[in-house]
Amino acid sequence: MDKGIKHHQVGEAVDRYLLIKTATKQIASNSKAFLTLILGDHTGEIEAKLWGVSPEDETTFVNKTIVHIQGDVIDYRGRLQLKIASIRPTSPMDGVKINDFVRSAPLSAEEMLDEVNQYIFEIQNPSIQRVTRFLVKKHQQAFIESPAATKNHHEFMGGLAYHVVSMLRIAKSLTQLYPSLDPDLLYAGVILHDLGKVRELSGAIDTTYTLEGKLLGHISIGANEIAEAAKELGIDGEELLILQHLMLSHHGKGEWGSPKAPVIREAEVLHLIDNVDAKINMMDRVLERVEPGEFSERVMALENRSFYKPTFHKKPLDL
Amino acid sequence: MDKGIKHHQVGEAVDRYLLIKTATKQIASNSKAFLTLILGDHTGEIEAKLWGVSPEDETTFVNKTIVHIQGDVIDYRGRLQLKIASIRPTSPMDGVKINDFVRSAPLSAEEMLDEVNQYIFEIQNPSIQRVTRFLVKKHQQAFIESPAATKNHHEFMGGLAYHVVSMLRIAKSLTQLYPSLDPDLLYAGVILHDLGKVRELSGAIDTTYTLEGKLLGHISIGANEIAEAAKELGIDGEELLILQHLMLSHHGKGEWGSPKAPVIREAEVLHLIDNVDAKINMMDRVLERVEPGEFSERVMALENRSFYKPTFHKKPLDL
Amino acid sequence: MDKGIKHHQVGEAVDRYLLIKTATKQIASNSKAFLTLILGDHTGEIEAKLWGVSPEDETTFVNKTIVHIQGDVIDYRGRLQLKIASIRPTSPMDGVKINDFVRSAPLSAEEMLDEVNQYIFEIQNPSIQRVTRFLVKKHQQAFIESPAATKNHHEFMGGLAYHVVSMLRIAKSLTQLYPSLDPDLLYAGVILHDLGKVRELSGAIDTTYTLEGKLLGHISIGANEIAEAAKELGIDGEELLILQHLMLSHHGKGEWGSPKAPVIREAEVLHLIDNVDAKINMMDRVLERVEPGEFSERVMALENRSFYKPTFHKKPLDL
Amino acid sequence: MDKGIKHHQVGEAVDRYLLIKTATKQIASNSKAFLTLILGDHTGEIEAKLWGVSPEDETTFVNKTIVHIQGDVIDYRGRLQLKIASIRPTSPMDGVKINDFVRSAPLSAEEMLDEVNQYIFEIQNPSIQRVTRFLVKKHQQAFIESPAATKNHHEFMGGLAYHVVSMLRIAKSLTQLYPSLDPDLLYAGVILHDLGKVRELSGAIDTTYTLEGKLLGHISIGANEIAEAAKELGIDGEELLILQHLMLSHHGKGEWGSPKAPVIREAEVLHLIDNVDAKINMMDRVLERVEPGEFSERVMALENRSFYKPTFHKKPLDL
Amino acid sequence: MDKGIKHHQVGEAVDRYLLIKTATKQIASNSKAFLTLILGDHTGEIEAKLWGVSPEDETTFVNKTIVHIQGDVIDYRGRLQLKIASIRPTSPMDGVKINDFVRSAPLSAEEMLDEVNQYIFEIQNPSIQRVTRFLVKKHQQAFIESPAATKNHHEFMGGLAYHVVSMLRIAKSLTQLYPSLDPDLLYAGVILHDLGKVRELSGAIDTTYTLEGKLLGHISIGANEIAEAAKELGIDGEELLILQHLMLSHHGKGEWGSPKAPVIREAEVLHLIDNVDAKINMMDRVLERVEPGEFSERVMALENRSFYKPTFHKKPLDL
Amino acid sequence: MDKGIKHHQVGEAVDRYLLIKTATKQIASNSKAFLTLILGDHTGEIEAKLWGVSPEDETTFVNKTIVHIQGDVIDYRGRLQLKIASIRPTSPMDGVKINDFVRSAPLSAEEMLDEVNQYIFEIQNPSIQRVTRFLVKKHQQAFIESPAATKNHHEFMGGLAYHVVSMLRIAKSLTQLYPSLDPDLLYAGVILHDLGKVRELSGAIDTTYTLEGKLLGHISIGANEIAEAAKELGIDGEELLILQHLMLSHHGKGEWGSPKAPVIREAEVLHLIDNVDAKINMMDRVLERVEPGEFSERVMALENRSFYKPTFHKKPLDL
């Protein structure tokens, strides 16, 4: 019923709950402090300025606070901005909870977990299956909640699991088209490839890199998780080496963060599938609010290209 | 019943028909001329030396001649070589024909053409459908016979059509997984993307680049074919621009031969699918004779990598 | 008598007609709208702010409007700015016309066309001559008016034709110095090489890229124009391939937008001449207002270099 | 007394024991098999051809066999070659053992181990000290015998430990010159940085890469060794992360095999020291037989440079 | 006793002498002129705005003026700023002199010169020693005062000499560890390598590049200084070539400004030592005010990395 | 009358004087020594084998010897080879001299020197003129004889002067087309730019790099020559800096050997002209023996391209 913040137009009045994503204190040219707020709900974000803030305001309107706001949407230098008329923090009486204000995957946690487990079930090599099952179990909660990145693609709650599910579906269709591919390696590789992100990233809201993430990176964390899982399960042999290789090589080459380039057929295919899903996701995200006949903003992670939506393609749903 | 030349081992006697793929005259250290022959059938190739040739021999044992040979397979510096005991050219009496000695696609020409036409049938935008159908019709024979390249991948008779069919199948599964993708653009892009190769390459046997191929390249040839087809069909409008853009951008970036990088979602996906099919094909080809537990030769087109076949994968079928 | 806007110094009063090149609405920190205007005449441009604009102002002071302005030139953060005292739109009564406010080539359209036609006349190969003559005729008006780029070099009315004329003169002197060069190919290559820009760019004022320009680029557009011209004229043969090759390869390599690197002597020389004229033009433009003994601003298109004008070189003419 | 094989000149007779480093079967132009032998002792290597070999010879003169040879040193196309007059395999009666024929570090195993342990003793942070001590103990034998590489630098028995000892000495002098450096981290980083090579390489003679080495690489192996050691010792905390980071980043950047670039001061310095020792070692090796006033052969790993020995530098000792 | 400007916290009152490093006039949105001042003492710098300046102010508060200021330290958009309450220029009566407000090397000029001369004394080759001594003498004053760069590393008074002294100490320890290195070449190379900077840079305060520096660069200037010194001293021979080669190659490769890559062992080592000292200096500078457990700002000259200070390292001294 | 060695076809008898360019001893598979000779005259070169040579032969048939040869031209693995029937060294009685067997510039030394001096005469700035005149005088003989390179372009006697003359002619036409260019700087830059080659290269026959060339390179040598000339002539001032800058920057950027990129208009144009003349010369050389309708061999220095000669271009003169 209620359309989200993403769908408000310039000139519309706003009267709703919003989550403070980030709050940054700045000093205006009149030397008074003000806050730049990034406010969001499950559909998107909008910037707002809170002028002339008191020290008390600074401790009230922080990161991860849900507030109630009245105001108008204005156009400031070509970007939408929310002009605040009134703002108040919420209490339990408001009956609002943080998860309702966070973007999340189009599938539920249960659906995604079921689907991943179905693929694990199809893995026939017992060593590969056991390591994969063990690690998904071990990190189940984080696996199902974590985003796949801090920005660019799948940067929402459940993004990691959703990225894995999408890749598994591509993997399945490729194993049907190319009988030379080993589904065991490909499924296990897909399911595990970004698992290190549950330790590299700080969680689903206001996601940042952990110290471990910055010093080791999800690829090395993930390779180590596999080694430890195998030790705990008493599994050894070439399967173990190859699972680690799939993990280490999935970024394709050194410049992109992989200490080893893929030298197993399924490792190369894992890298290609990762690319396909990430790139389609990035383009979808940037094109979803572009009108037919227009170009999108530039996408840094896609060589800074701006994408065109043909005039004979559909208008975005909610415009 | 009769295994092909690829399956002969060192020490085996050979008594069979073979096609001369290339014949190169050289001078031995005793100042006598000899020929280095690359002999092949539908399964592969082997090198042979024909020592002490007369001028008459030089004009008899040329390129695209079928010969009957007796001899032995030997190991020369780590590579197989056919030591010729006797050799004779064939006559119509032998009842052998050149097409039986050439590697070709695993699907028949009819099967491939049917499948491509089925996809054309599914294209709903009439401009896109008509241009695609027109060009496949116009070049039908060459399209069905041409290799997709002179080396690296799909370098066999029918390789171009087979490459297209494989890509269409991936395209279909991606359009099912990602509803944002426009199947019309993707199918048309896949079918047309390498069509310029029918003028860039010299045909199915002993394939080389034509002068036009060297001066213009299949990408520019293809874009021009689309423009001419549209003119002939009286088609104009954005569809035409976009079909040409799909053609021009399918190598992804300037360094790889595309004068424009993809700026349409389906153009980027076309490039990604092309990559997936080409790379899997290259890996399959190089791994198909590698024993489990061994590394392949290096593959120049895959960053000079050598690929490993896990010990728990199957042995090649014919070893 | 009347010096242009480029020659006004800080502190001088301004009372003159100027063309609005671009008008951009912004919001000041007091939440009021203002316009940032780029105002120009045939000598150059200056920025101005129009504060506190009404909705009516926004529709009056737009792109391509000639206005009459009174004000002062000030220095704002190291750059000249025009401080507006009064501004009014013009009517036919003012007797001013847009072409007088646009930078244009130092030669007249007729002079340039005459010179180009003289070179076409000197081409001896009939196929090459006919295609060249046909295309110049077909696009004559646009060819004579179009800039050669949106920025960097020859970005003024008639810039394309002027760039061609300058290159033809270099080409002529090189064919005299190097008898191995074929003047026919070189002249035709020079005349046609940027012709695709008449469809890639939107025209002489407020030049932008067309959709066709963004999706195909002037190189592919140009190659297609040659192919169509040849078809219409019934011309075939190697000349046609080579003219297209000259077009496709004139940026020198893939990274610079050419799908083929030059493999014809004259194609390489065409690329070199294009480079020489473009680079000298860029340096002239940036150095023309630099005082002897000073460095210019940085030039992005020349590897971000800043150029030095020796103290023993002449002062700019109008300082 | 007895000079090594490296010091024989063209024309000298040879009558000595030598180790077959590699033996490769080839076929001569007369179709007879011959062996190309790389023969060596502790000073260097020389090539020899063994003509007309029988099948029995092929199984006798293999890899890692010590043979007794009589013959002459000749010059073959600018390189020294040993022309074999007689050759026989050795028996226990000959009283020769393989280690005497292998190049090894200039320090004894005991000396190197003592020095490394002394540095471990100086590490004051208990977590860092314990992990370092544990891993050196765990792999002590391999650590003391392994080369540091298969070629380029420190490619001899004990090369790994010798490389570590040299780097420790540089590290010590740098910590004295730059008080900001933490000796604990630097010493531990130096001692552990290449430890993964004990699993990446196959050992001291005829060194090759193991499967694990090819699929994971010594950097990832080493990071995993640290993680496991810490687990076994019950050590956690930031020291553990940082030791792993030192390991992961010591090649400096992605293109050179490090999944993370150094972001700790000591990690950057570790990378720099590794570079200094490796490069000096490479230059020493290539210059050690160059006459003053001459240029060396090209060194691939040093950007293919050829190094010059000044005329006022000393002649090589054994010329 | 009196802590420097670098150590003032937000909210602290400031009442002290400071040097104007740079003064830049700007226009505020109310059209009034203001000055942005970079104020500094020997410990660091802080930005301040001087609002509403008169033309007289503009000529008073310029570059290299010592002023007395009262005000407060505030936080402006995350950076410290000095809010000026009162400001006045100083007169001789204030008894302050410019050198007290400039960062300088941790060793005195005499100490550094003594140490350099001691190394010159140790050079045994007379040609090398005489050229080195001559050039240090010739440029002694500038050598002892010049910074080593305008930013990044050793960018303070005496920075050049301090950089040389640090490198000499590393050079000494390397010649002890690696007997193959020639101390004469290494010491002379270190002492002379950046000498051209005395002509490339404008001096110790507000350092900029000279015209000669911009057109020729310190490497070519230095090589020419050596050639002229040798001529004046009547020195010829290979030593001269090699000293020039050390100079020309010390940046390691073309992209980094060296017209020749090192092809002498000591030239390569000179380049490596230069790197080690510069990088440690850059990291020290950026980490010196970072709290344990925090990351530094990004360092452009170190591939834009941000460095981490471990929690178990010491707090900065003056926090 | 007598056609040169370049014009002999396979099968023709040869009976003429030839110069031994290089003589390399090798060992045949029968263990006998033979010489590989590169024989040449003023038109080109041909390879020959001299089998079964005695030690005396080895000292007779060396580098820079003129021999009389009888034999036949044969085709060996696709390349022409001279099969020697008889060979003898020449004596003064033969009346042949070495200069007749060396390729040289198409203009005489006098013509070239006159033309260069004419351009020097046109230089109006006295400082620039005097330095230029002084250096041409100082190295006049070497300047007139030296090749411009050891391979690739202008690699013949007088090549350096011829390269300069060609560039001067281009420079003259550019200064006529672009009045902004300063002819003084451009002419002096052209004349001096490669002068360092008289010390970098060993002379006109069997040209190699000198030690000075390898350690310093012609760019630094040349900059130093200018500095010394100016000192000797008592010339100072900006002209001197700029002449050195023209020298240092004429390769365009660091990767190509210039320690400074051009930052003077004429320096950039000098680099462009150098490029134009060198590239046209390389293409002319490689195309001069290519038949119309054929591709040339690949040219390493032109990005490994193979060039096409159109069918409508002329056949090479002497085929």
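Letters A, B, C, D, E and F name the chains as they come in the text, with residue numbers starting at 1 for each one.
Here, a residue touches a chain if its C-beta (ideal position, glycine included) is under 8 Å from a C-beta of that chain, and two chains touch if they have at least 3 such contacts.
Remember, predicted model here, so these are calculated numbers, not experimental data.
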| query | Chains in contact with subunit B and with subunit F: which ones? | reply | C, D
| message | Which chain has its C-alpha centroid farthest away from the centroid of subunit E? | response | B
| So which of D-E, B-F or A-B is the twin of B-D, meaning more than half of its contact pairs are the same residue numbers? | B-F
| Between the pairs C-F and D-F, the one where more C-beta pairs touch | C-F
| Distance from the mean Cα position of subunit E to that of subunit C, given in whole angstrom | 44
| request: Quick one: report the Å distance separating subunit C from subunit D, using the average Cα coordinate of each chain. | output: 61
| What are the residues of subunit E that contact at least two other chains? | 29, 211, 214-215, 238, 242, 253, 263-264, 295, 308
| query | Okay, what are all the chain pairs that touch? | reply | A-B, A-C, A-D, A-E, B-C, B-D, B-F, C-E, C-F, D-E, D-F, E-F
| task | Flag every residue of subunit A that touches subunit E in the complex, lowest number first. | result | 25-27, 29, 31, 211, 214-215
| said: Could you list, by residue number, the parts of subunit B that touch subunit A in their complex? | reply: 125, 166, 169-170, 173-174, 177-178, 180-182, 185, 238-239, 242, 253, 261-265, 268-269, 272, 275-276, 279-280, 283-284, 287, 295, 302-303, 305-308, 310-313
| message | Going by the contact rule set out above, which residues of subunit C touch subunit B in the complex? | response | 211-212, 214-217, 219-220, 223-224, 227-228, 231, 238, 241-242, 244-245, 248, 253-260, 263-264
| request: Within their complex, state which residues of subunit F touch subunit B. | output: 28-29, 74-77, 83, 295, 308
